[in-house]
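The first chain written gets the first letter, and so on, giving A, B and C; residue counts start at 1 in each chain.
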(Lines give C-alpha, C1' and ligand atoms only; values in the text may rest on other atoms or scores of the structure.)
Protein backbone atom coordinates (compact mmCIF):
# COMPACT_ATOMS: atom_id res chain seq x y z
CA UNK A 1 0.00 0.00 0.00
CA UNK A 2 1.49 3.34 -0.99
CA UNK A 3 1.52 6.37 1.27
CA UNK A 4 -0.79 8.19 -1.17
CA UNK A 5 -3.37 5.43 -0.95
CA UNK A 6 -3.26 5.62 2.83
CA UNK A 7 -3.92 9.36 2.72
CA UNK A 8 -6.82 8.96 0.28
CA UNK A 9 -8.39 6.30 2.42
CA UNK A 10 -7.92 8.45 5.49
CA UNK A 11 -9.68 11.34 3.77
CA UNK A 12 -12.52 9.10 2.64
CA UNK A 13 -12.98 7.80 6.16
CA UNK A 14 -12.93 11.34 7.54
CA UNK A 15 -15.75 12.24 5.15
CA UNK A 16 -17.70 9.16 6.17
CA UNK A 17 -17.37 9.97 9.85
CA UNK A 18 -17.99 13.71 9.61
CA UNK A 19 -20.96 12.99 7.37
CA UNK A 20 -22.49 11.40 10.45
CA UNK A 21 -21.37 13.87 13.08
CA UNK A 22 -22.40 17.05 11.32
CA UNK A 23 -25.60 17.04 9.30
CA UNK A 24 -26.14 19.45 6.39
CA UNK A 25 -27.66 22.84 7.22
CA UNK A 26 -31.46 22.83 7.69
CA UNK A 27 -33.56 23.65 4.62
CA UNK A 28 -36.40 26.15 5.10
CA UNK A 29 -39.39 25.72 2.78
CA UNK A 30 -41.68 28.73 2.47
CA UNK A 31 -45.41 28.44 1.95
CA UNK A 32 -46.29 29.02 -1.71
CA UNK A 33 -48.49 32.07 -2.31
CA UNK A 34 -48.33 35.80 -1.72
CA UNK A 35 -48.99 35.96 2.02
CA UNK A 36 -46.02 36.38 4.34
CA UNK A 37 -46.45 34.18 7.41
CA UNK A 38 -44.42 34.05 10.63
CA UNK A 39 -43.41 30.45 9.91
CA UNK A 40 -42.00 28.26 7.16
CA UNK A 41 -44.25 25.60 5.64
CA UNK A 42 -41.61 23.05 6.61
CA UNK A 43 -38.03 22.78 7.73
CA UNK A 44 -35.89 19.78 6.84
CA UNK A 45 -33.13 18.81 9.26
CA UNK A 46 -31.31 15.55 10.03
CA UNK A 47 -33.45 13.55 7.62
CA UNK A 48 -36.77 14.69 9.12
CA UNK A 49 -39.31 17.05 7.52
CA UNK A 50 -40.81 19.19 10.30
CA UNK A 51 -44.06 20.62 8.92
CA UNK A 52 -45.97 23.55 10.33
CA UNK A 53 -49.42 22.84 11.68
CA UNK A 54 -51.90 23.10 8.81
CA UNK A 55 -55.45 24.35 9.07
CA UNK A 56 -57.91 23.69 6.26
CA UNK A 57 -57.36 26.85 4.21
CA UNK A 58 -58.19 26.21 0.56
CA UNK A 59 -56.65 27.83 -2.52
CA UNK A 60 -58.77 30.95 -1.98
CA UNK A 61 -57.35 31.31 1.53
CA UNK A 62 -60.64 30.42 3.21
CA UNK A 63 -61.81 27.59 5.44
CA UNK A 64 -64.26 25.33 3.58
CA UNK A 65 -67.90 25.28 4.78
CA UNK A 66 -69.12 22.22 6.68
CA UNK A 67 -66.89 22.14 9.73
CA UNK A 68 -64.63 19.41 11.03
CA UNK A 69 -64.98 16.88 8.16
CA UNK A 70 -64.15 19.21 5.25
CA UNK A 71 -61.54 21.07 7.31
CA UNK A 72 -59.73 17.84 8.27
CA UNK A 73 -59.70 16.82 4.60
CA UNK A 74 -58.34 20.18 3.46
CA UNK A 75 -55.69 20.34 6.21
CA UNK A 76 -54.44 16.88 5.18
CA UNK A 77 -54.48 17.91 1.49
CA UNK A 78 -52.33 20.91 2.44
CA UNK A 79 -49.90 18.62 4.26
CA UNK A 80 -49.80 16.33 1.21
CA UNK A 81 -48.95 19.34 -0.99
CA UNK A 82 -46.08 20.49 1.25
CA UNK A 83 -44.70 16.93 1.35
CA UNK A 84 -44.99 16.59 -2.44
CA UNK A 85 -42.76 19.66 -2.86
CA UNK A 86 -40.05 17.59 -1.08
CA UNK A 87 -40.68 14.43 -3.08
CA UNK A 88 -42.42 12.89 -0.07
CA UNK A 89 -45.91 11.50 0.47
CA UNK A 90 -48.32 10.65 3.29
CA UNK A 91 -46.65 7.25 3.63
CA UNK A 92 -43.48 9.01 4.81
CA UNK A 93 -45.29 10.61 7.77
CA UNK A 94 -44.09 9.24 11.11
CA UNK A 95 -45.93 11.37 13.70
CA UNK A 96 -48.86 13.78 13.88
CA UNK A 97 -50.38 16.11 16.45
CA UNK A 98 -54.07 16.78 15.99
CA UNK A 99 -55.39 19.96 17.60
CA UNK A 100 -59.17 20.28 17.76
CA UNK A 101 -61.40 23.25 18.50
CA UNK A 102 -63.62 20.77 20.38
CA UNK A 103 -62.59 17.28 21.51
CA UNK A 104 -66.18 16.14 20.86
CA UNK A 105 -65.24 16.24 17.15
CA UNK A 106 -62.49 13.61 17.65
CA UNK A 107 -64.56 10.87 16.00
CA UNK A 108 -65.55 12.96 12.98
CA UNK A 109 -61.92 13.98 12.48
CA UNK A 110 -60.80 10.33 12.70
CA UNK A 111 -63.24 9.21 10.01
CA UNK A 112 -61.52 11.49 7.49
CA UNK A 113 -58.02 11.18 8.97
CA UNK A 114 -57.90 7.38 8.68
CA UNK A 115 -58.52 7.47 4.93
CA UNK A 116 -55.19 9.30 4.54
CA UNK A 117 -53.25 6.61 6.41
CA UNK A 118 -54.74 3.25 5.30
CA UNK A 119 -51.62 1.35 6.40
CA UNK A 120 -48.80 2.12 8.83
CA UNK A 121 -50.52 5.06 10.53
CA UNK A 122 -48.16 7.59 12.18
CA UNK A 123 -47.95 7.72 15.95
CA UNK A 124 -50.20 10.54 17.19
CA UNK A 125 -51.49 12.76 19.95
CA UNK A 126 -54.80 14.64 19.90
CA UNK A 127 -56.40 17.18 22.22
CA UNK A 128 -59.04 19.87 22.44
CA UNK A 129 -57.88 23.48 22.44
CA UNK A 130 -59.28 26.78 23.66
CA UNK A 131 -59.13 27.96 20.03
CA UNK A 132 -57.12 27.84 16.80
CA UNK A 133 -55.91 30.45 14.31
CA UNK A 134 -58.64 31.93 12.08
CA UNK A 135 -61.36 30.03 13.93
CA UNK A 136 -60.33 26.69 12.41
CA UNK A 137 -61.91 23.49 13.77
CA UNK A 138 -58.61 21.60 13.49
CA UNK A 139 -54.90 22.13 12.99
CA UNK A 140 -52.72 19.13 12.14
CA UNK A 141 -48.96 19.03 12.49
CA UNK A 142 -46.82 16.23 11.04
CA UNK A 143 -43.26 15.03 10.91
CA UNK A 144 -42.10 12.90 7.98
CA UNK A 145 -38.91 11.21 6.91
CA UNK A 146 -37.03 12.44 3.87
CA UNK A 147 -37.73 9.55 1.49
CA UNK A 148 -34.78 7.49 0.26
CA UNK A 149 -33.64 8.51 -3.23
CA UNK A 150 -34.91 6.17 -5.96
CA UNK B 1 -3.01 -3.13 -2.85
CA UNK B 2 -4.85 -5.12 -5.47
CA UNK B 3 -7.60 -3.72 -7.62
CA UNK B 4 -10.05 -6.07 -5.95
CA UNK B 5 -9.18 -4.71 -2.52
CA UNK B 6 -9.67 -1.15 -3.77
CA UNK B 7 -13.13 -2.02 -5.04
CA UNK B 8 -14.07 -3.73 -1.78
CA UNK B 9 -12.91 -0.73 0.22
CA UNK B 10 -14.81 1.59 -2.07
CA UNK B 11 -17.97 -0.41 -1.56
CA UNK B 12 -17.49 -0.45 2.19
CA UNK B 13 -16.99 3.32 2.24
CA UNK B 14 -20.09 3.81 0.08
CA UNK B 15 -22.09 1.82 2.63
CA UNK B 16 -20.63 3.89 5.46
CA UNK B 17 -21.53 7.16 3.75
CA UNK B 18 -24.97 6.17 2.49
CA UNK B 19 -25.68 4.72 5.92
CA UNK B 20 -25.53 8.33 7.12
CA UNK B 21 -27.30 10.07 4.25
CA UNK B 22 -30.22 7.72 3.99
CA UNK B 23 -31.60 6.20 7.18
CA UNK B 24 -33.37 2.85 7.20
CA UNK B 25 -37.14 2.92 6.54
CA UNK B 26 -39.25 3.88 9.57
CA UNK B 27 -40.58 1.03 11.72
CA UNK B 28 -44.26 1.18 12.70
CA UNK B 29 -45.15 -0.49 16.00
CA UNK B 30 -48.82 -1.32 16.49
CA UNK B 31 -50.52 -1.22 19.86
CA UNK B 32 -50.87 -4.74 21.29
CA UNK B 33 -54.47 -5.84 21.75
CA UNK B 34 -57.55 -6.39 19.64
CA UNK B 35 -58.67 -2.79 19.05
CA UNK B 36 -57.76 -1.11 15.79
CA UNK B 37 -56.71 2.48 16.41
CA UNK B 38 -56.03 5.30 13.94
CA UNK B 39 -52.40 5.49 15.07
CA UNK B 40 -49.38 3.30 15.73
CA UNK B 41 -48.17 2.92 19.32
CA UNK B 42 -44.78 4.19 18.15
CA UNK B 43 -42.78 4.85 15.02
CA UNK B 44 -39.01 4.54 14.99
CA UNK B 45 -37.12 6.74 12.54
CA UNK B 46 -33.58 8.12 12.46
CA UNK B 47 -32.69 6.69 15.84
CA UNK B 48 -35.68 8.24 17.63
CA UNK B 49 -38.75 6.41 18.99
CA UNK B 50 -41.78 8.68 18.43
CA UNK B 51 -44.50 7.41 20.77
CA UNK B 52 -48.19 8.18 20.51
CA UNK B 53 -49.70 10.13 23.35
CA UNK B 54 -50.80 7.67 26.04
CA UNK B 55 -53.81 8.06 28.29
CA UNK B 56 -54.15 5.91 31.39
CA UNK B 57 -56.13 3.01 29.93
CA UNK B 58 -55.44 -0.16 31.91
CA UNK B 59 -55.43 -3.76 30.64
CA UNK B 60 -59.25 -3.82 30.70
CA UNK B 61 -59.35 -0.79 28.40
CA UNK B 62 -60.68 1.51 31.12
CA UNK B 63 -59.35 4.56 32.91
CA UNK B 64 -58.53 3.78 36.55
CA UNK B 65 -60.67 5.43 39.25
CA UNK B 66 -59.14 8.26 41.27
CA UNK B 67 -58.36 10.88 38.65
CA UNK B 68 -55.09 12.57 37.82
CA UNK B 69 -52.72 10.60 40.11
CA UNK B 70 -53.70 7.06 39.05
CA UNK B 71 -54.15 8.15 35.43
CA UNK B 72 -50.67 9.71 35.27
CA UNK B 73 -49.20 6.51 36.73
CA UNK B 74 -51.05 4.28 34.24
CA UNK B 75 -50.17 6.50 31.24
CA UNK B 76 -46.49 6.30 32.20
CA UNK B 77 -46.75 2.53 32.69
CA UNK B 78 -48.20 2.30 29.17
CA UNK B 79 -45.28 4.34 27.83
CA UNK B 80 -42.85 2.06 29.68
CA UNK B 81 -44.49 -0.99 28.07
CA UNK B 82 -44.25 0.42 24.55
CA UNK B 83 -40.59 1.32 25.13
CA UNK B 84 -39.84 -2.15 26.54
CA UNK B 85 -41.08 -3.71 23.28
CA UNK B 86 -38.22 -1.80 21.61
CA UNK B 87 -35.63 -2.73 24.23
CA UNK B 88 -35.79 0.81 25.62
CA UNK B 89 -36.65 2.18 29.06
CA UNK B 90 -37.72 5.43 30.73
CA UNK B 91 -34.06 6.47 30.95
CA UNK B 92 -33.98 6.66 27.13
CA UNK B 93 -36.77 9.28 27.06
CA UNK B 94 -35.53 12.67 25.87
CA UNK B 95 -38.70 14.78 25.64
CA UNK B 96 -42.32 14.68 26.82
CA UNK B 97 -45.47 16.69 26.23
CA UNK B 98 -47.97 16.56 29.08
CA UNK B 99 -51.57 17.39 28.15
CA UNK B 100 -53.92 17.97 31.07
CA UNK B 101 -57.69 18.14 31.26
CA UNK B 102 -57.17 20.93 33.81
CA UNK B 103 -53.94 22.84 34.39
CA UNK B 104 -54.84 23.05 38.09
CA UNK B 105 -53.82 19.36 38.27
CA UNK B 106 -50.24 20.18 37.16
CA UNK B 107 -48.84 19.67 40.68
CA UNK B 108 -50.61 16.35 41.26
CA UNK B 109 -49.38 15.09 37.87
CA UNK B 110 -45.82 16.17 38.70
CA UNK B 111 -45.79 14.26 42.00
CA UNK B 112 -46.30 10.99 40.11
CA UNK B 113 -44.37 12.00 36.97
CA UNK B 114 -41.14 12.78 38.84
CA UNK B 115 -40.94 9.26 40.29
CA UNK B 116 -40.56 7.93 36.74
CA UNK B 117 -37.61 10.18 35.98
CA UNK B 118 -35.48 10.28 39.16
CA UNK B 119 -32.38 11.42 37.24
CA UNK B 120 -31.88 13.15 33.89
CA UNK B 121 -35.51 14.17 33.40
CA UNK B 122 -36.57 14.71 29.76
CA UNK B 123 -37.20 18.23 28.52
CA UNK B 124 -40.95 18.91 28.65
CA UNK B 125 -43.91 21.11 27.89
CA UNK B 126 -47.25 20.99 29.69
CA UNK B 127 -50.59 22.70 29.13
CA UNK B 128 -54.28 22.51 29.92
CA UNK B 129 -56.62 21.34 27.16
CA UNK B 130 -60.29 21.77 26.39
CA UNK B 131 -60.59 17.97 26.63
CA UNK B 132 -58.87 14.67 25.87
CA UNK B 133 -59.94 11.40 24.24
CA UNK B 134 -62.29 9.23 26.36
CA UNK B 135 -62.50 11.91 29.06
CA UNK B 136 -58.96 11.25 30.27
CA UNK B 137 -57.39 13.65 32.81
CA UNK B 138 -53.99 13.47 31.10
CA UNK B 139 -52.33 12.34 27.89
CA UNK B 140 -48.53 12.06 27.81
CA UNK B 141 -46.46 11.91 24.65
CA UNK B 142 -42.75 11.02 24.66
CA UNK B 143 -39.81 10.75 22.35
CA UNK B 144 -36.94 8.41 23.24
CA UNK B 145 -33.63 7.42 21.71
CA UNK B 146 -33.13 3.93 20.35
CA UNK B 147 -30.75 2.56 23.00
CA UNK B 148 -27.25 1.55 21.92
CA UNK B 149 -26.89 -2.20 21.39
CA UNK B 150 -25.18 -3.96 24.32
CA UNK C 1 -1.49 -4.58 1.69
CA UNK C 2 -0.47 -6.23 4.95
CA UNK C 3 -2.85 -8.10 7.15
CA UNK C 4 -2.38 -5.47 9.85
CA UNK C 5 -3.45 -2.70 7.49
CA UNK C 6 -6.56 -4.65 6.55
CA UNK C 7 -7.48 -5.00 10.21
CA UNK C 8 -6.94 -1.29 10.87
CA UNK C 9 -9.07 -0.32 7.92
CA UNK C 10 -11.74 -2.73 9.05
CA UNK C 11 -11.77 -1.14 12.47
CA UNK C 12 -11.90 2.37 10.99
CA UNK C 13 -14.84 1.41 8.80
CA UNK C 14 -16.60 -0.19 11.76
CA UNK C 15 -16.27 3.11 13.62
CA UNK C 16 -17.57 5.01 10.62
CA UNK C 17 -20.60 2.75 10.29
CA UNK C 18 -21.43 2.45 13.98
CA UNK C 19 -21.02 6.23 14.25
CA UNK C 20 -24.12 6.41 12.05
CA UNK C 21 -26.12 3.53 13.48
CA UNK C 22 -25.67 4.38 17.10
CA UNK C 23 -25.65 8.04 18.09
CA UNK C 24 -23.82 9.26 21.21
CA UNK C 25 -25.81 9.17 24.46
CA UNK C 26 -28.25 12.06 24.94
CA UNK C 27 -26.98 15.09 26.86
CA UNK C 28 -29.27 16.49 29.57
CA UNK C 29 -28.92 20.21 30.27
CA UNK C 30 -30.32 21.40 33.58
CA UNK C 31 -31.88 24.81 34.04
CA UNK C 32 -29.43 27.20 35.72
CA UNK C 33 -30.61 28.43 39.11
CA UNK C 34 -31.49 26.99 42.48
CA UNK C 35 -34.95 25.61 41.77
CA UNK C 36 -35.28 21.89 41.05
CA UNK C 37 -37.74 21.33 38.23
CA UNK C 38 -39.28 18.11 36.93
CA UNK C 39 -37.64 18.62 33.53
CA UNK C 40 -34.29 19.46 31.94
CA UNK C 41 -33.92 22.81 30.18
CA UNK C 42 -32.91 20.89 27.07
CA UNK C 43 -31.85 17.45 25.93
CA UNK C 44 -29.54 16.98 22.97
CA UNK C 45 -29.91 13.78 20.97
CA UNK C 46 -29.10 12.82 17.37
CA UNK C 47 -28.00 16.34 16.45
CA UNK C 48 -31.20 18.00 17.68
CA UNK C 49 -31.60 20.22 20.76
CA UNK C 50 -35.01 19.46 22.29
CA UNK C 51 -35.83 22.42 24.56
CA UNK C 52 -38.44 22.48 27.29
CA UNK C 53 -41.33 24.83 26.80
CA UNK C 54 -40.37 28.23 28.22
CA UNK C 55 -42.69 30.67 29.92
CA UNK C 56 -41.63 34.27 30.44
CA UNK C 57 -40.07 33.96 33.90
CA UNK C 58 -37.43 36.63 34.38
CA UNK C 59 -34.26 36.45 36.49
CA UNK C 60 -36.30 37.05 39.67
CA UNK C 61 -38.47 34.03 38.85
CA UNK C 62 -41.53 36.14 38.09
CA UNK C 63 -43.61 36.78 35.00
CA UNK C 64 -43.11 40.35 33.74
CA UNK C 65 -46.08 42.75 33.97
CA UNK C 66 -47.89 43.68 30.75
CA UNK C 67 -49.20 40.34 29.51
CA UNK C 68 -48.66 38.63 26.20
CA UNK C 69 -46.14 41.04 24.61
CA UNK C 70 -43.59 41.16 27.46
CA UNK C 71 -44.11 37.47 28.25
CA UNK C 72 -43.48 36.41 24.65
CA UNK C 73 -40.30 38.48 24.64
CA UNK C 74 -39.06 36.99 27.93
CA UNK C 75 -39.91 33.40 26.90
CA UNK C 76 -37.90 33.86 23.70
CA UNK C 77 -35.01 35.43 25.66
CA UNK C 78 -35.02 32.36 27.90
CA UNK C 79 -34.89 30.11 24.84
CA UNK C 80 -32.01 32.17 23.47
CA UNK C 81 -30.13 31.72 26.76
CA UNK C 82 -30.57 27.93 26.81
CA UNK C 83 -29.42 27.74 23.17
CA UNK C 84 -26.39 29.94 23.90
CA UNK C 85 -25.24 27.47 26.56
CA UNK C 86 -24.96 24.95 23.69
CA UNK C 87 -23.23 27.35 21.32
CA UNK C 88 -26.46 27.71 19.33
CA UNK C 89 -28.62 30.70 18.44
CA UNK C 90 -32.14 31.52 17.27
CA UNK C 91 -31.04 30.92 13.67
CA UNK C 92 -30.53 27.24 14.52
CA UNK C 93 -34.18 26.82 15.56
CA UNK C 94 -36.10 24.56 13.18
CA UNK C 95 -39.52 24.17 14.79
CA UNK C 96 -41.62 25.83 17.52
CA UNK C 97 -44.89 25.14 19.29
CA UNK C 98 -46.62 28.22 20.66
CA UNK C 99 -49.11 27.61 23.47
CA UNK C 100 -51.34 30.55 24.35
CA UNK C 101 -53.59 31.19 27.34
CA UNK C 102 -56.00 32.77 24.84
CA UNK C 103 -55.90 32.33 21.06
CA UNK C 104 -57.17 35.93 20.72
CA UNK C 105 -53.60 36.97 21.65
CA UNK C 106 -52.16 35.20 18.58
CA UNK C 107 -51.54 38.49 16.75
CA UNK C 108 -49.88 40.22 19.71
CA UNK C 109 -47.63 37.18 20.21
CA UNK C 110 -46.70 37.18 16.51
CA UNK C 111 -45.64 40.83 16.56
CA UNK C 112 -42.93 40.04 19.11
CA UNK C 113 -42.20 36.51 17.85
CA UNK C 114 -41.38 37.63 14.29
CA UNK C 115 -38.63 39.97 15.49
CA UNK C 116 -36.73 36.92 16.78
CA UNK C 117 -36.84 35.15 13.41
CA UNK C 118 -36.29 37.85 10.76
CA UNK C 119 -35.24 35.27 8.14
CA UNK C 120 -35.82 31.54 7.77
CA UNK C 121 -38.56 31.29 10.40
CA UNK C 122 -38.98 27.83 11.98
CA UNK C 123 -42.02 25.75 11.07
CA UNK C 124 -44.64 26.19 13.80
CA UNK C 125 -47.94 25.27 15.36
CA UNK C 126 -49.97 27.48 17.70
CA UNK C 127 -53.10 26.93 19.77
CA UNK C 128 -55.09 28.24 22.69
CA UNK C 129 -54.95 26.27 25.95
CA UNK C 130 -57.18 25.88 28.99
CA UNK C 131 -54.26 27.23 31.03
CA UNK C 132 -50.48 27.21 31.45
CA UNK C 133 -48.12 26.73 34.40
CA UNK C 134 -47.96 29.67 36.85
CA UNK C 135 -50.72 31.51 34.99
CA UNK C 136 -48.44 32.36 32.06
CA UNK C 137 -49.98 33.88 28.90
CA UNK C 138 -47.70 31.85 26.63
CA UNK C 139 -45.33 28.89 26.68
CA UNK C 140 -43.02 28.36 23.71
CA UNK C 141 -41.24 25.11 22.90
CA UNK C 142 -38.49 24.88 20.27
CA UNK C 143 -36.27 22.34 18.59
CA UNK C 144 -32.93 23.45 17.15
CA UNK C 145 -30.07 21.82 15.31
CA UNK C 146 -26.71 21.45 16.98
CA UNK C 147 -24.72 24.01 14.98
CA UNK C 148 -21.81 22.76 12.88
CA UNK C 149 -18.43 23.29 14.58
CA UNK C 150 -16.59 26.34 13.25
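What we mean here is this: a residue touches a chain if its C-beta (ideal position, glycine included) is under 8 Å from a C-beta of that chain, and two chains touch if they have at least 3 such contacts.
Quick caveat: nothing in here was measured; it's all calculated off a predicted structure.
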C-alpha-based rotation, chain A on chain B, 0 to 180 degrees, nearest 5
120
How would you label the chain A and chain C contact, same or different, if same means the shared numbers make up over half of all numbers there?
different
Rounded to a whole Å, what is the gap between the Cα centroids of chain A and chain C?
19
Multi-chain contact sites of chain A, meaning residues that touch two or more partners
1, 9, 13, 16, 20, 46, 129-130
State the interface residues of chain B toward chain C in the complex, per the touch definition above.
1-2, 5, 9, 12-13, 15-16, 19-20, 46-48, 92, 94-96, 100-104, 106, 110, 113-114, 117, 120-130, 143, 145, 148-149
Can you check the complex and tell me which residues of chain B touch chain A?
1, 9, 13, 16-17, 20-23, 25-26, 28, 37-43, 45-46, 50-53, 97, 99, 129-133, 139, 141
